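Taking it in order: structure first as structure tokens, then the write-up.
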Amino acid sequence: MNDKDGNEIIIKIEDLVKKFGKLEVLKGVNMQVRRQETIVIIGPSGGGKSTLLRCINKLEHYQGGKIYLDGKDIDEYDVNQLRTRIGMVFQQFNLFPHMNVLQNLTLAPIKVKKIQEKEAVEKAKYLLNKVGLIDKIDAYPEQLSGGQKQRVAIARALMMDPEIMLFDEPTSALDPELVGEVLDVMKDLANSGMTMLVVTHEMGFAKEVADRIVFISNGVIEEEGKPEEILKNPQKPRTREFLRRIL
Amino acid sequence: MEAVLELFKNFQFLLIGAWETLKLTAFSVGIGLILGTFIGMGRLSKIKLINYPCTAYVEFLRGTPLLVQISIIYFGLPQLGIQLAPYPAAITALGLNSGAYIAEIVRAGIQSIPKGQYEAARSLGLTHWQSMRYVILPQAFRNILPALGNEFITLTKDSSLASVIGVSELMRAGQFVISRTFQTFSIYFGIAFIYFVMTFVISRLVRYVERRMATA
Amino acid sequence: MNKKKLLWIVALILITGMVSTVFCQTLTQIKQRGKLLVGTEPTFPPFEFVDEKNQVVGFDIDIANELAKRLGVKLEIVSLPFDSLIPALLQGKIDLIIAGMTITEERAKVVDFSKAYFEANQAIVVRKDGKFEPKKFEELVGKKVAVQLGTTGDLVVSDINGINVVRFQKFTDAFLELQNGRVDAVVLDEAPAKAYVKKFPKFVISAVVDTGETYGIAVKKGNKELLNFVNQTLDIIKSAGIYNKLLQKWFE
């Protein structure tokens, strides 16, 4: 599936509606993600940003609309197969505290993809090198700083060779001095051609790395466009108001 | 004086009974642990067909006396054509009973693990069972170890109820010695002492394992 | 397998299960099994108790051995609390009961008893301080009396109005109550009473009352074949002098 400019569309979201009880969190969201694109999603908290990400890998059920991966409704995929193609990084890292770094990385590839342990370990070492944590391979999560934990969590998601990475406020739980190391890893990843959806408040990152910024407020996409357009010259009053407060 | 002498003379019989008590308890806890893990998970299931029977099981077995359960298994099941000898009947009853209590412990243990752990496991493509087995249960068991230790101790003491269907555990062994020596007080004291040593050792063992897991 | 078939099989299993508990063990079945299952409560010396080798022995056990020997099978003792013996017999857990069990009308409603094999008199045991020495059950009216649950002693004192009966699983517990002064007397069978008082002279038998009660061997109701065999065997061991030898062995 391609868009009108001939770019490959990897994810297409149509009229997505998500309710928690009576509360409507997403009120008909439409969105397309091109392969290798990095989209930064911004907006006030409670606006539905995280919920949107969580619908894409089916951590949340949604009540209306459709999400397509490679042109096929995600409901038609086996849910576990779908999730191996979509990596996710959480605000709270969610490393498994009873396993060391290596075990955190190799569990899913061995159990889900059934690859050999030796191969999984090689791959883990390669990815830990990339995120600069090869010396922590035997450490347990509690022995790591927040930034190190999040870098391990990114490496863990990459172990499954995902085609898309979802980042749900990956630096919000970090001390300010640790934010940079995580953003650097994410930048490298974006530059290597990974398709990424990032919910974040880091405007510097958005400006530098994003191909597109999407502003979500009150369950709808208020505005979207290239970083320079959105950040310098927002069209909608809500976007202006949000950016004024955050910058 | 004679009372003390008789206690020493017959202590070996009490020890044989104590060994039976330990075996009985260990088997029952083993059954209870397996049963309790599955029923505890079943209690958290959103599927009513799984949730309701598991809840009913827990409520029924916690809501009826163990003595009655033992009697039903031994004296009642033959009505359905199931003849169990005293020892298997006792293990069955104690195992089913501790299964209900352990199910509640396991349920609380699973609930004590942050939701993000399960979500992280599922987002990596692990199935529900894989997430439980590799991520949630290992952490839950570490948290519930003290409670499981308590259950082990409770069951050690409760296993004395198996004497009513003739299992020669510590309590019953003691009664045999009393009926021969007529030394009621000293033998009961000896029985109490052995129960205490057993439960004390178990509680120390649990604490040791707990500490080892904490540093791991 | 279709549903109907499955239903039939389940029904069949249930029915055979119930039938097997309704029908009694015939002698042939016991012989096929190779062992005679005898229920007893071995806390009642010298009739049945556990000796220093951790073996169940006693007067009753020797009689049970004679029965098994004559059937050509092994004897297996199933040790149960006294009040569980009749339920166990009814549920087919054991073939017969030999447990110093008094033949009573109540019990005879649910089980069949053999001929009497022992005359059981009841002993009244009190503290040896001379303050209270009843000679008849009637003198126990208004007093607290400890008995072993479900025994003849329990039955006779419970029959008399005005006696405050305290029941225990073990008669040794009843004596503990007597020693602690919480009851005024213990009523139990003569043989164990004698053995106990001999060991503890602080108690005394104030009276032995002939209640005309006798011990019998219980089998499941309607099990004529086994009952006849038990009665014949009792006759044989009495006429062959074995019975008297056993009396000497265990009571003198």
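Just so it is clear, A, B and C label the chains in written order, and each chain counts residues from 1 on its own.
Keep in mind that, in the parts below, contacts are C-beta pairs under 8 Å (C-beta built on N, C-alpha and C of every residue); 3 or more make two chains touch, one makes a residue touch a chain.
Please read these numbers as outputs of a predicted model, since none were measured by experiment.
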item: Touch-based graph of the chains, sorted into line, ring, star, complete or other; value: line
item: Closest chain to global C-alpha mean, per-chain Cα centroids; value: B
item: Separation of mean Cα positions, chain C and chain B [Å, integer]; value: 33
item: Cα-centroid distance, chain A relative to chain C, in whole angstrom; value: 78
item: Chain centre separation in whole Å, for chain B relative to chain A (CA means); value: 46
item: Residues of chain B defined as touching chain A within the complex; value: 114, 116-117, 119-127, 130, 134-135, 138-139, 142
item: Residue ranges of chain C touching chain B (in the complex, touch as defined); value: 13-14, 16-18, 20-21, 42-45, 49-52, 54, 78-81, 84, 87-88, 91-93, 170, 172-173, 175-176, 196, 199-200
item: Contacting residues of chain A [partner chain B, same complex]; value: 57, 59, 80-81, 83-84, 86-88, 90, 92, 94-98, 107-108, 111-113, 153, 156-157, 160
item: Contacting residues of chain B [partner chain C, same complex]; value: 13, 16, 74-75, 78-83, 86, 163-166, 168, 172, 175-180, 182, 184-185
